[in-house]
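Letters are used for the chains, namely A, B, C, D, E and F, taken in the order the chains are written, and counting of residues starts over at 1 for each.
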C-alpha cells in the first residue's frame, strides 16, 4: 500500500477550551481532527477523574494527522490556545493512506 | 432557637442530606463507588428541567406579581456585588493572591441550583409557599458575578480577562438555557402541561435529588482528598462566613422588595450559595492561572454542605424572625 | 378548518413541542447545552420498550382484530412503494444525483417512531382510540424501504448495494428487536404485566418524551447549522410535500382495510414520517457515497418538525373528514 | 407439585423474565441492540439504592428482630463455606484446574443482588412477607467467599493471592457501600423518608428491573456466544446443581435461626445465587490466571437464568413445605 | 526491558462499519486490536459530535499493534473495508513488550 | 516551535487494575499520565465489549509522555503490575512542547 509521511499531533486540553482549540485549528487551515474522550489523569495540577462530573470539566484529546510541512502552522495555532493553560502537546511521526485527504 | 434546632435536626436526617453524607463517606474511604458522568449529567438535566418547569407553572397559576421585576433586579445586583465583598474578605483573612481570590469570589456571587432546590423542598416540607419566579432569579444570578471577578482581576493588575466569545458562552451556558427554557415552557403550558408530565417531573423529583446528592458527595469527597495542603483553615472560615453574609444581604433585599417569607428564604439561599458547575468552567477559560482546587473545594466541599445542613435552617429562622412570622 | 387550527394550536403549545423548540433554539444559538449520548440512548430504549409493551397489552385486551394482517401488509406495501414516489419527486424537483435521491427516498419509506409516539399522545389527549398493533406495523415498516432504495440505485446505474450481512443487520436492528420484543412481552403478560410496570412505562412517559424531544431539537439544530449550502429550497419543499403525499396514501389504505379513525391517523403518520436512526446507519453501510447531510437534514430538520407541529393535526382532520367523523 | 408448576409458569411469563429472554435472544441472534454502559450502571445504582433503602425502612418499622444477628452470622458462614463445597464439586465433576475451580467457587459463595431482588418481587406478588434486614445479610455475604477462594488456591499450591489493598477494596466495593449505606439511610429516615421518595424508589422499581434484566440478557447472551468450547456439559451441570445444594443449606440455616418463611426463601436465594459483578473484578486482581470466560459464563449464563426461572419457585416450594406452610 | 519492533495502526472508521472492519481483521489473521471511542471530529465531510445521538452514528478508533512483516496484510484487509467510506488510516513505528503476544 | 524528545508509553490494562498501575507510576516518579477509555477489543483471551457492563470490567488505556532517560524506570514499574495480567504495553518516539513539564 502506498503510504505518505505525516505528523500525528495529540493535544490534551481542558474541556472548556475544546471549542477555542478547534476554532483555532480551523483558522490555521487544518483539514481534519478527531476528538477523543479522556476519563482521568494526573499531572502537576493533581489527579482528576471524570466520574460523576456534571459541568464541562476534565480534558479531551484532539488528534490531528497533518502533512509534515504544515506542522509548524498547526503547532503555533494550537500553542496560542494551550499556552496559558494546563495541557500537553505531543507529536509523532506517522504514515497515512490516502494522502489526498490531508 | 429550638425551632432552628428542630429544623436543623429534621433536615439532617432527611434522605437527601444522608445521601450526600453517604457519598462523602464513600469517597473519603476510597470506595470505588462512582456514578457515571453521563448519569450525573442526565440527573442534572432532569433537575434543571423540572425546577424550571415548576417555576413557570406557578407563574402561570398566580400571575406575574409586581415584585417579579424587582426580584430579578435584586438578584442581578446581588450577583454583581457579592464578589466584591467576597474578594475583600478573602484578601483580608486568607493569603490567596488576587487572581485566586477573584476566581473564588465569582463562585460566591453566582448560585448553586441544587442548594436552591434543596431549600425549595425544605420549604415545601414546612408548608411555606414561595414565588415561583425565583427560579428565573436564580438563572439571572448565574452570570453577572463572573464579570465582577474579571473586573477585579483587571483592576488588580492580574492576568486574564474577557476572552472573545466568553460572554456569549456564559449567557448561553447550558444550565441557564435549560432553566430559563423550561421556565418559559412551564409558563406557557401552565397547569395543563404540568398535569401531563407531573408523574415525571414532580413525583420522582425528591428521589432523583437523593441520587444526585449522592453523586455530589462523591465528587466533593474526592475533591477534599485532593485538597489537603491547598485549603487553609482561614479559607474554610471564609466558606462558612461568606454564605452568612450573603444571606443577610439577601434577607435585607428580600424584605425591601416585599417578597413572601418563603421567597425571602430562597433569595437568601441564592445569595448564600456558591456555583460549582457554570463558574468553574468559565474560570478555566478566563482565569486559567487561578487554582481550581481552591475554588472547587471551597464551593463544593465547604459551602455546599454547610448550606445544606445548617445554612438552610438558619436562613429560614432568620427570615421567620425578620418577617415577623415566628 | 377551525378544528385543524385549534388542534394545531393546542399541539404547538404542548410541552413536547416546546421542548423540541427549546432544543432547536439552544443549538442554533450555539449554547453548550447537550444531552450525553448514553442518556439519549437510554431514553430511546425506554420509549421503544414502553410503546411496544403498551401496544402488546392493548392486543391482549382487545384480541387480534381481523385487520391485523391487512394492516401489516399495508405497512409493508407502503414502506416498499413510498421510496419510488419519493425518488421520482426528488429527481423531478431537486438536483440530487440518483444515489443521494435513493438514500433520501429510503428514509421516507421507513418511519420515525417518535413521530408515531407523539401522534399517539395527541390522539390520547383527544380521546380517540387506535388499534394497539399499529406498533407492530411500525416495526414492519422500518426495513423494506431500504431494499427499495438499493434497487433504485442498482437499476439507476449507481454504485453501492446489498453488502453481505446487511439484510440480517437491518432486520435485527436494535430498535426493531426492542419494539417487537416489548410488543410480544406486552401481549403475553397483558394487563397483569402492565399493572406491575405501569408506574414506569406509563406515568412518566410524557415527561421522558419531553426530554427526548429536547435532545432531538438539539441534534436537529446542530444539523441545520452544518447544512447551510447543502440543502436547497426545493429539497425543503420535498420535505414538506412528501409527508403529505405519504399521509394521503396511508389514508386511502387505512380506509380500505377498515382501520378505526385513530388507527388511520397512525398509519398516515407512519407513511408521512421519515426515519433518522435505523436508515441513516444502513445508508452509511450500503450507500456510502450518499451525503448524510442531505438525508439527515431533510428527515430530522424538515420533515420531523413539520409532522410534529402541523402534520399531525392535518392528518387528524383529514382522517376525521374521510371517516365521516367530523 | 402443582404449586411449584403454577408458580414457575406465572414466574416465567412475568415481564422481568421475558425481558431477560428478549435480551438473551437479541444477543444470540447478533442484533446490535445494546444498552450503554452508563445506563446499565445507572440502573444498577438505582436498584441497589432502592432495595437497600426499602430494607432499612422495614427495619425501622418492625424493629430489630432477635434473629438479625444470627441471620448475619448465618450469611457470613454460608459465604465462607459454600466455596469449599463448590470447589470440591468442581474438582470432582469437571476438569478445571485448582485456580479456575477456586475462582468459580468464589462466585457461588458470594451473591447476586438481582436474583435477590427478583425473589423479593416474586414473594411480594405471592403476598409473603420477609425480614427487611436480609438486605444487610446480602451485603455481608458479598465478600467472605473471596477469602475462601484465595485460601483454597494458596493451599492447593496455585499462584495468586491476597494483594495489598485487596481486602479494603473488596469490603469498600461500590455495591456493598451503596447497599449498606442506603439500608442505613432507610433505617434512619424510616417511613417518613420512604414516603418522600417512594414515587422514585418504589413505584417504578419493577419497570427499571425489566430494563436491567434486558441488559443482563444481552450481556449473558454475548458471553454465551464467546463461551463455546470453554464451558463443558459437566460445568453446566455444576451451574445447576450448586444452587440447589446452596439453597438446601440455606434452608437448613434459615429454619435453625427461625426466619419467617419469606426470609428463609431469601436466604436460600442468597445461598443459591452467584456473583457476577463484585467477585469477577476481585478475581481479575487476585487470580489473574483464572479464565474469566469460565466463571462469567457459569454465573451469568447458567446459574442466573436457572435461579430466575426455575430456582426461585423451587426454593419457595421447598420453604413452604419445610416451614409447614403448604 | 526487552522491546520488539512493531507497527501501531490506527483506523478511524464510521461506527456502523465497526463490525465489518473487525471481521476483516479477524480474517486477515490479526491477533488483537483495541477499540477506542471518538466523541467528535472534523474532516472533508464536515464536523460532527456524538452528543445526544441515538443511532449508530459517529466514528470509532480501532488500534492494532502488529509485527512489521504483517503490516501489509492488515492494511489491505482494512483498506478493503475503509476504501469507499470516510475515515483515516495511520501507521506509527512502535515497540512492544511481550512480543510473543503478537 | 521548540520540541523535545520524549517517549509515549501506552498501557492497555484491565480496568480493575487501573488504581494499582497509577499507584505504581506515582511511586516510580512518573509526573503525569492520561487515562483514556476503551470500549472493546480482541486478543488471545477473546473479544469483549463494554456495552451494558455493570461491574469494573473491560480495559483502560493509560498514556504517559516521559523523558527518554526515564523510560526504563517506568517500564519496570508498569511491567510489575501488568505482567501476570492480560494487557499490552507499547512505546513510540514522540516530541513534546513545554518539556519543563515532564
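Basically, contacts are C-beta pairs under 8 Å (C-beta built on N, C-alpha and C of every residue); 3 or more make two chains touch, one makes a residue touch a chain.
Bear in mind that the values here come from a model prediction, so they are computed numbers and not experimental data.
Trainee: Give me the chains shared as neighbours by chain A and chain B.
Mentor: none
Trainee: Can you give me the shortest step count from chain A to chain C, moving only between touching chains?
Mentor: Minimum step count, chain A to chain C: 2.
Trainee: Counting residue numbers used by both copies over all numbers at the interface, does the chain B-chain C contact come out same (over half shared) or different (under half)?
Mentor: different
Trainee: Could you tell me which chain lies farthest from chain B when each chain's centre is the average position of its Cα atoms?
Mentor: Of all the other chains, the one whose centre lies farthest from chain B is E.
Trainee: I'd like the Å distance between the centres of chain A and chain E, where a centre is the mean of that chain's Cα atoms.
Mentor: Roughly 19 Å separates the two chain centres.
Trainee: Counting in whole Å, what is the centre-to-centre distance of chain C and chain F, each centre being its mean C-alpha position?
Mentor: So the centroids are 45 Å from each other.
Trainee: Could you work out how far the Cα centre of chain C sits from that of chain D, in whole Å?
Mentor: Here chain C and chain D have centroids separated by 41 Å.
Trainee: I need the residues of chain E touching at least two other chains; which ones are they?
Mentor: Residues 36-37, 49, 56, 92-93 of chain E each touch two or more of the other chains.
Trainee: Which parts of chain B, given as residue numbers and ranges, touch two or more other chains?
Mentor: Counting only residues that touch two or more other chains, chain B contributes 32, 34-39, 41-42, 203-204.
Trainee: What are all the chain pairs that meet the touch criterion?
Mentor: According to the stated criterion, the contacting chain pairs are A-B, A-E, A-F, B-C, B-D, C-D, C-E, D-F, E-F.
Trainee: Mind listing the chain D positions that touch chain C in their complex?
Mentor: 13-15, 18-19, 22, 25-26, 29-39, 42, 203-208, 210-211, 214
Trainee: Once bound in the complex, which stretches of chain C touch chain D?
Mentor: Those residues of chain C that touch chain D are 36-39, 41-42, 45-46, 49, 53, 168-169, 172-175, 177-178, 181-182, 184-185, 188-189, 193, 196-197, 199-201, 203-204.
Trainee: Spell out the part of chain F that touches chain A in their complex, as residue ranges.
Mentor: 1, 3, 6, 8, 22, 26, 31-37, 60, 65, 92-98, 101
Trainee: State the interface residues of chain A toward chain F in the complex, per the touch definition above.
Mentor: Checking each residue of chain A against chain F gives 12, 36-44, 49, 59, 61, 72, 75-76, 79, 82, 88-93.
Trainee: Quick one: in the complex, what on chain C touches chain E?
Mentor: 34-37, 40-41, 44, 159-160, 163, 165, 215, 218-219, 222, 226, 276-278, 280-282, 284-285, 288-289, 291-293
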